[in-house]
Structure formats: C-alpha cells, structure tokens
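One chain, chain A, links the two complexes that follow: it is found with chain B in the first and with chain C in the second.
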Partner chain A sequence: MTGTRARRGSTTTSHDSQKAQENLHDGAPSSSLTSCRLPSRPATQNPKMEKPDELITTGVLASLQNFIRKCIVAVISYGPMPKHIAFIMDGNRRYAKFRSIKEGSGHRMGFSALIASLLYCYEMGVEYITVYAFSIDNFKRDPAEVQSLMELMEEKINELLENRNVINKVNCKMNFWGNLDLLSEPVRLAAQKLMASTAENKGLVFSVCMPYNSTSEIVNAVNELCTERREHAGNCNGNSPNNGVHSDISVEDLDRHMYSAGCPDPDIVIRTSGETRLSNFLLWQTTFSHLQNPDPLWPEFSFRHLVWAILQYQRVYPYIEQTKKLAKKLL
Partner chain B sequence: MLPSHCPAATHQLPTSACRRTSPAALPCPRAGASPVAEALLHRGLRAESLPRHVAVVMDGNARWARARGLPSSVGHEAGRRALEEMVRLSGAWGIRALTAFAFSNENWSRPKVEVDFLMGLFEQVIHDSVANFLREGIRLRVIGDRSRLPVSLQKISREAEEATRNNSLLNLTLAISYSGRREIVQACRKLAEKVQRKALRAEDIDEALFADELATGRASDGFPYPDLLIRTSGELRLSNFLLWQSAYSELFFTDTLWPDFGEADYLEALSSFQSRDRRFGERKL
Partner chain C sequence: MSRPSVIINLTLGLLWFIVHLAINFFSLWSHLIYNIEYYLISFGLFPKYRKFQLERLKYLAVVVDIREAKNVAKIKQLLCWLSTIGVKYVCLYDIDGVLKKTFEPAINGSRDVNSGSYLDVGANMKVLTCCQKEMTVEYISGSDGKEGIAKAANLLCSTYFNGDKDTCGNDEIVFTEADMSGALKAIGCGGPEPDLLLVYGPARCHLGFPAWRLRYTEIMHMGPLNSMKYGAIVKAFYNFSKKYQNFGK
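What follows is the complex of A and B.
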C-alpha cells in the first residue's frame, strides 16, 4: 500500500479559493500559487482558518518557491508522466473535526486544495483530471450536510461561470459526470451552463463526478446501448436474425456510452486519508490504473504529495504499460 | 434498508438470517460454535466482524519460481498448495464465500507451455478436490469464459459444480479465463437480447436487474459481493477482477508473493479488515 506520512499539524494548502481566483486574474496560473505555503516551511498548529493577509508572502520568497517548483516539475517530467489522474477527495470532515472548525469549512478547504491540485497538474502537463465530488450514496447523509454541500457546489460553479475568462486562460474544458437529474434545479442548470460555455476549450479536461455511482453509470450505458440496438433492429425490420444484433456488442460499444467516452482511462487513482476502497468510483475505467492511498486528508494534499504520487507511478510504469497493451489486444 | 441489489445491502443482512435460509444440512460443529470463536479470539479476531466473502487475486507464482531459479510450473504448484490452505482456513474461521482469481483473460497470452500446464493443473485440482469438497460442505463454482477452456476441463468443472451443488458451508468460486469487463459485456448482451425479444423494456433495466445477469448471480444466492479483496505480490491494481462486485470492497494489498501467502498473511489481512470503518457513502465517501 502506498502511503505518505504527512504531519497532520501542518496547514499546507489552506489558501482561500477566492484568493486563488483573484490571483488567476493577474496572469499565468502559477501566480496563484504564490499564496500557498510549501510544506517545508515550519508549520504551527493553527486550529482556525488563516486570514488572507497572513497568506501573502514577500516577492522574493514567492519567486523562490515558484522557481523551486518549476525545477521539480522539470525533473520529474523526464520520466513518463500520467495523462489522466483521478482523485477521490476523502477526509474533509475529518480535517474539520481535527481542527475543531465548523464542518462546512472542511469542505471549503477541500475545494481550495482541489483548485491548487488542478493548477499543479496543469503545470505538469497532465491533460485529464477527474474528481469524485459527490456520490449518489451521499444523498443518504444528514440532509443539512447534503444541503450545505449542494449550496457550496452551486456557489463555486457560479463563481467559475462569472470568472469564465479564468477558465478560458487555462483553456479548461469542464465536464460533469453523473446522474444530473438528481441534483436540485439551480445546481443542475449552473452545471449545464458551465459545461456548455467551456465545451469549445481544447486544453485541460476537468471532470467532476457528481452525483455519481459507477454501477449506475454502467447500467445507464447498458440502457442506452439496448435502446440503440432495439432501434437499429427496428429499422432493419426483422431482416437480420436476432443473434446478429447482440453477439457483436463489445467493450468499445459500452465505452462509447459511458460518461467518460472520449477520455482515456485514468493512469493513477489517488484516494486520500488512507482508506483503501474504490467506493463505486470509475469501476469500469480503472481496471488497470495504479491505485494509491496516501495518508494525508484531502485538504492537506499538496504539491509534494502529488510529486510523490507521480514518482510512484513512474516506478511501476514499464510493467503497467506492458499489461495494458496486452489487455487492450485481448479485450 | 438498502435494496438488495446494492452491493452494500448484503453486508447488512444479519448473520442469523443467512444461516436460516441455507438448507438444513448435517449439524456441523464448525457453524458458529464457540470453539471457532475461541480460536479466532486467540488470534485477535472477532467472529462478528470478519468478512463474509473474501476475494483474492493469486498473483506472483511465476515470480516466486523465478526468484528460486525454478520453472514456473513449480510456482503454480506451490500456488495450488497456498490456495488449498486458504480454503481450509476460510472454512475453519467461518468465512462463507471465497473467490479466487486463477486465470485471467490476459493470461492467455502467456507461453503455450505454461497455459497448457495451468489448464492441466486446474483439471487435476478440481478432480482431486471433489471428494474433499463433499466432505467439508464446500460448493464449487467456476466463472469465466468457458468456451476457451479445453473440453475436458469444461466437463470436469460442470460435473464438480453439479456434485457440490447442495453444499452450503463455503462457496468457493474459481475465476478461470475471467475478465470483469467481459462479464459486464456478457450481461449487456443478454439484456439486449431480452429487449429485442420484447421480454423487457430498455427503460426497466436497473442495477438490480443488471446484477442478476452477472455470472456471480443473485444476491439471494449467497454473498455475491466481496467484503475484502486481497491482492498479493505488491501490485496496486484490480486488473479486471470483479469490477462491479468490488464497488464497496475493502482492498488489501500485500507484497508477499502468492505461494508464500499463509496463515500469518491471511490473519494480517483479516485484522486490517476488522479495523476499517465501512460507511458505504452514508457518512462520508
């Protein structure tokens, strides 16, 4: 089991998402990261969320951090880089509990960590990022928590809609995978609007799974495929024998109807907070992905954890590639 | 109460209900009697928090043999002994279902000599073990793409399944020539055919219906969804094994190669399972 030991006391990526977006306005995505603290700095046990002022570092120090980060990215880029990374963002509530802050704030800090990771991945040249934001099973939670999560998502999606030029600068194409009918009207409309407005972008593809269940994705694909076949058979009107239509259903056919059609399978699946489960996430697509379970909780997931994850992947890359090629030949 | 098709639901069935529905066999001293519980406690495990269904990817035979400078056939023989030991331990500790990934779809690309040896080994193992299964109350099932298996192996596995059909203490499933994706495609084909015959409307296909079509069968059959999935030899992947069924399984990865996987490793996996907090999405992802 891959694990990284992070000091729970350090507040690594606890920068405000709003700050990140303000900084994005200034220019290159990397400038937003000047407000992040690198984990190598001595960390103090701070149970409260930091004020924005405390996060602004001086110009010289910021440039140094930028430079170090760019060096590290350049070095690891010598090895094979993953094209698609998937994240299961586990640990927000536990983070809030450890820090004795309000539970909703744990999710907000999780969002900040998400934006940071997205930008780090963009810097490293990762082309596809998928995150497990909300599972269909999570609707069973306390209604108050579900409501606050929905409100947070609506708020963030609307923020991204307003700052559309930010996304366009990173050339990000956004996808929402899942059974969108289960969402409340405002959230669904906002999500659809965001997808439509970024549909033409050709850069980083950012897919948010909400509300998502891999089993229902598979059933949905089967549903669509059966309907398609039935219509096709209806058009032929009994001229083709019954068997012909179905025995040629293949893996590619199902692939086409998955929400992830068009995206390659994830190379790495990272589930934070040390839990080793897939929890119904991308079961179909992750059959040959490298599964990693670092110990840090999601809001603590930072640049060095990402670098470590990629290094782990590079270590086993030759073997994985071999098995993948073999499998694709035989499937 | 979760609907029964959901992988999470089977774990919530109380154990007494499971025992009642199994056919009344000879009273076996192993079924939940105190000697078992004592033996488990002795090893630091609690009977009620053990997994009902354990799945294992038996990886590492060839590597084990190579490390000792032996041919891979020796590795596979050693792997066979490890599996027999695991079956014995599972029965002794009250685990109700065990699924072993013996041969995957991708393994067909191995050298013909090795593949032929493995097919012969499977045939021999099944043939030799039927008597033991009947004695111990083990029910055998073979899943996978049978059309690619040699005819003799198909015949003997069918016969063994028939012979052990009424056993209920331990469900042993061997996945030979199996691929998770193929299983899903197979189920899809069957459903498409039903839709074509107008026996079913496409809109009515839901998770329950789909789960019933899978090779591992209905939820009422036993324990189709593994609680714990063990993968040996340090690989951190699922490799096309029980994709649908392992949605909520706890994964346990170990660096030990399969032939070396013994009681101590099994205990480690079970203790690790015991200490996990399974939430099925309710409190947290």
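What follows is the complex of A and C.
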C-alpha cells in the first residue's frame, strides 16, 4: 500500500529535512527560512536552552553539513544537470495524518520543504522550478479545507512580499500559472502583486501552478489564439473580413499561448508519495520529461531525494536526448 | 586552465563516474531480484498475483520506444499476453507512428462492425483475436497528440468564424473543455482515457501521449520491450488494482 510504503522511511527523512532547513538558516545571509515563518516544532519537542559550547558545536556541524552539501553538488554537477524541475507536492495530508497533527500543519511543513527544495535547486544551478500547488479539481474538497489552503497561500505570499530574503537570495522571478479568476480576491491580488514585484528579476524562475489544470491551460491557449485571429482577421469598418482565410493553427501557435511560454519544458517531473499519475499537470509540456515518483511524502522530500532524482535523470539523459533528435520532425 | 583546476575537475569526474558505477551495480542487482520475482509470478507461485480483480482496468495504453516499435514479434507477444490476462482494449502508442505504419494493412483489412462503439476514435483500430480471446487494439502516434489538439483548435476556431457573422463583436471567445473534447472526437482523436499506461523503454517518459487522454492515467514503467516479462505485467496490474484515486478531492 502506498501509505505503508511512505511511512517506512519517514522518521529519518523528516528529521533530515528539518536539519537541512536549520542549516540553511545558518548558511544563508539572514535566516531566510525564519523569515518565511517555519512552522513551530511539534508539541512533543521542547525548545532547547542552548549553551554556548553547544552553539559552537551546532555551528561547526552546520558548516560541515554545508561543506558536504557543496561537495556533493560539485560532484553531480559534473554530469548533465536539469534546467527545469517540476514538482507535484503530494502527501501533505497523509503526513499530517501519520503524525497525528492538524491537517493544516502538514501543508505548512510542505511549504517549508518547498522553500528548502527551492534553495537546494538554486545551489545546483537549476534555472526553472514549477510546482503544482493547487489543482482546479481540488475545489471539490471540503470547503473548510479549501478555505484554509487559500488562507495559507495568502499568508505565505504576503510573507514573501514583506520579507524578501528568499526572493533576493535567488533573484527569483515568480509566476502564477492558472485560472487566477477562480481564486478569492485577496489571494489573487497578493499573487498579482508578487508577480509584478519580481517581474524584472533575472534569476531562478519559480512558477506556482494554482489553480491549474493542463486541459484548462490548453483551452485557455485556444481561446486566446482564436481571439488573436479574430482581431487580425479583418477590420470592423464595414469591409468584409478576410473570409476566414487564416493559416492553420499550429503546435507552435499554441505553445506561444501556454502559461509556460518562454520556459523550457521540464526535464524532470517529480511526484512525491509514490503516486504514478500526473493528475492533469503539464501534460502538454512533458513529452520528453523524465517522470519520477519517489516514495517519501512531500514534507519529507529533502536534499538527498533531490540528489537521487538528478542522478536518475543523468542515467537516462543520453536516451532522452537521442529520442528528442529522432522525433524532432514531429515537434 | 590552471593545473589545480584541472586536477579538481578530473577528481570530480572520477567521483561522478564512481557514483554512477555504484548506482548501475545496485540497479543490476535489483533487476536480477525483480526478474526472479517475475519468473516466480509467471509460475503462479504467489497467490495474491493469481487472485486480483481487473474490473477497474477497462482501457489500457502502452507507450513503446521508437527504436523498439519495429519489433513486430515482441509487440504481438505483448498483445497475446495482455489478451491472456483479460484486457479488452489496448491503445498502442509510439511517437513516430511506426506501429500505425507497420500494422496499417492489417487495420484496413479487418475493421469489425462490432467495434462500432469505438468508431469515433478513428480508423486506426482493429479487433484482434489472440489466444482465443477478443481484444480491441488501437494504434496512435505523436500526430494524435499535440498535432491532434492543434487540429481540434482549428476546427473550433473555423466553426466559430464561419458561424458568427459578426466577427467584430467584442464578446470574449470562451471555448470549454467539453467543446475541445467534442472537437477531438470529430477529428478522430477522441478515444477513451486509459486507466493504466505501461511505458516500454529505457526511461519513464510518456513521449507525447495525447494529453486529453492522460489526465488521471496511472503510468508505470516496464523497462525495455526486448526484456519484457509476463510476470512484470501481472505485477503492474496487481499494483494498479490496489491504487485509489481521489480525483483531486
């Protein structure tokens, strides 16, 4: 069973993720993660009163971990590195259930894992990250849950707006892909404000899909294309229009109107918690993407899982490149 | 390039090579164990793999790598195995259309009136009798994927322009997903959505399988077609029978 498989590795991996985030605190210019208000530790762990020598030891350990991480990145960077990684962040609710904590806390832990993964990817030279934050299908969930998710998103977007440590560290350009009209007004406005304020940034491109469906994206592209053609077709001053003489719509025309226009296709799509489907995510853009489905739940996803994902990608890279060339005439 | 950086580069390269060598070794070892398991499954030694239910698997799709799609014998053997297990509808896909071209004469020769319910799919299908059981086989390619969607978009737009005398109106054009599904059916790209997709090839990639039919499909990687195992298919179907989907809820 998926749930049982995910649980097996959970105790060590969540600890790793927590540790890595704490190390990022120390390594980053000014506790970039505390500015995102990491969830407080679960009630079972009491905050420790740290003595100075413990602080030194913690500092030395953190520096050592940073150094080891940099060495690992240097080694794997010798091979082909993905430019664009997409994540389907699955497993937050199961994580909360397995730990007997409130469901909302699972999503908060998931957000911490997201920021940690973002920073790790930045260190590895990944230029584009896309995450599936909320599907249009998720509106079918319990209204209270949808409401709390919307509130969490609004809270986190506003935090990123106010305290820009993470954004500045990676010079992040934020995109929100999806049918933003379906969002409540505060969330939509916050998202639009964040997009506008990071539009000029030239660093890592971070695209958040919410609320998103691939089929909805394709239909949106068709609508935009059709509107564009209507405007080009003829004039409205009584002269007859062009009698519908347009060139046929091509795949490239649709590409230009996708939310992802300007971004390369994902090299890797990672869906956590071991599920094997794409759930209507980037179906147009993932023709040659390596689809991976590691067992850990999303809040447990950490540096070593990311390294493993990239190593798996490097193993199949020659095959994918060759297949792209062979199929090039169809693209 | 200075000598220290050359040395560092070579060291990194060596370490990278060692890491991948270790992964390949580990992977070979686990393949061996899996192959033993698949042989034991084919001999029926695991009760759970003999007794699972296949009702939920109404439509199966198989993606085949371009290079392996020419292996007609293996494709026929695969179809025979699927038929033996009890699959009723298989959609075979390869990005280049090799399968369509290879099996095209057979398709044109044996269209069956009983496949009427699938006729909206298009011409590329036939009813196969394999190992005493009937199975509908559909052949699609990359041109049914993105290009199919582009053709459907063309159909929608041209229907709109031809139907709407007042093309200068300011009304927003709002096609829906249902409109798109209808257009795809009209051009012959509207087949059923597979419940399970088996990927035969070195990597788990869907290689452009039609997006409209891939939304909630479980995708399982089976390895290269040349080394396919009957037990692997049984195990994949068993794992599928255990899957539970929320569909977003």
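Note that in this section the second predicted complex is superposed on the first by the 254 of 331 C-alpha atoms of A that agree within 3 Å, B and C clash if a C-alpha of one lies under 4 Å from a C-alpha of the other, contacts with A are read in each partner's own complex, and residues count from 1 in each chain.
The rule we apply is simple: contacts are C-beta pairs under 8 Å (C-beta built on N, C-alpha and C of every residue); 3 or more make two chains touch, one makes a residue touch a chain.
These numbers were taken from a predicted model, which means no experiment stands behind them.
Chemist: Judging by the criteria at the top, classify the pair chain B and chain C on chain A as clash or fit.
Modeler: On the superposed model, which is not a single observed complex, chain B and chain C clash.
Chemist: One more residue to check, A:S289. First (chain B), second (chain C), both or neither?
Modeler: It touches chain B and chain C both.
Chemist: Which partner does A:N223 contact after superposing on A: first (chain B), second (chain C), both, neither?
Modeler: both
Chemist: So in the superposed three-chain picture, is A:V75 touching just chain B, just chain C, both, or none of them (first/second/both/neither)?
Modeler: Touch status of A:V75: second partner only.
Chemist: For A:S207, using the defined touch cut-off, is the partner it touches chain B, chain C, both, or neither? Pick first, second, both or neither.
Modeler: In the superposed model, A:S207 contacts neither chain B nor chain C.
Chemist: First (chain B), second (chain C), both or neither: which does A:M89 touch?
Modeler: first
Chemist: If you stack the two complexes on chain A, which partner ends up touching A:L311: first (chain B), second (chain C), both, or neither?
Modeler: second
Chemist: Can A:Y132 be said to touch chain B (first), chain C (second), both, or neither?
Modeler: first
Chemist: Need the overlap of the two footprints on chain A, from chain B and from chain C, as residue ranges.
Modeler: 1-2, 135-138, 140-141, 214-216, 218-219, 222-223, 225-227, 229-230, 233, 246, 249-251, 253-254, 276-280, 283-284, 286-292, 316, 320, 323, 326-327, 330
Chemist: Quick one: which bits of chain B touch chain A in the complex? Just the residue numbers, please.
Modeler: 6-8, 105-106, 108-109, 179-182, 184-185, 187-189, 191-193, 195-197, 202-203, 205-207, 210, 236-240, 243-244, 246-253, 276, 278, 280-285
Chemist: Note which residues of chain A are touching chain C in the complex, please.
Modeler: Contact set of chain A toward chain C: 1-2, 74-79, 135-141, 214-216, 218-219, 221-223, 225-227, 229-230, 233-236, 241, 244, 246, 248-251, 253-254, 276-280, 283-284, 286-292, 311, 314-316, 319-320, 323, 326-327, 330.
Chemist: In their shared complex, at which residues does chain C touch chain A?
Modeler: Answer in residue numbers: 9, 12-13, 15-16, 19-20, 23-24, 65-67, 95-96, 142-143, 145-147, 149-151, 153-154, 156-158, 160-162, 167-168, 172-177, 179-180, 201-208, 211-212, 214-220, 242-243, 245, 247-249.
Chemist: Applying the document's contact rule, which stretches of chain A touch chain B when the two form their complex?
Modeler: Against chain B, chain A makes touches at 1-2, 88-90, 93-94, 132, 135-138, 140-141, 214-216, 218-219, 222-223, 225-227, 229-230, 233, 242, 245-247, 249-251, 253-254, 275-280, 283-284, 286-292, 316, 320, 323, 326-327, 329-331.
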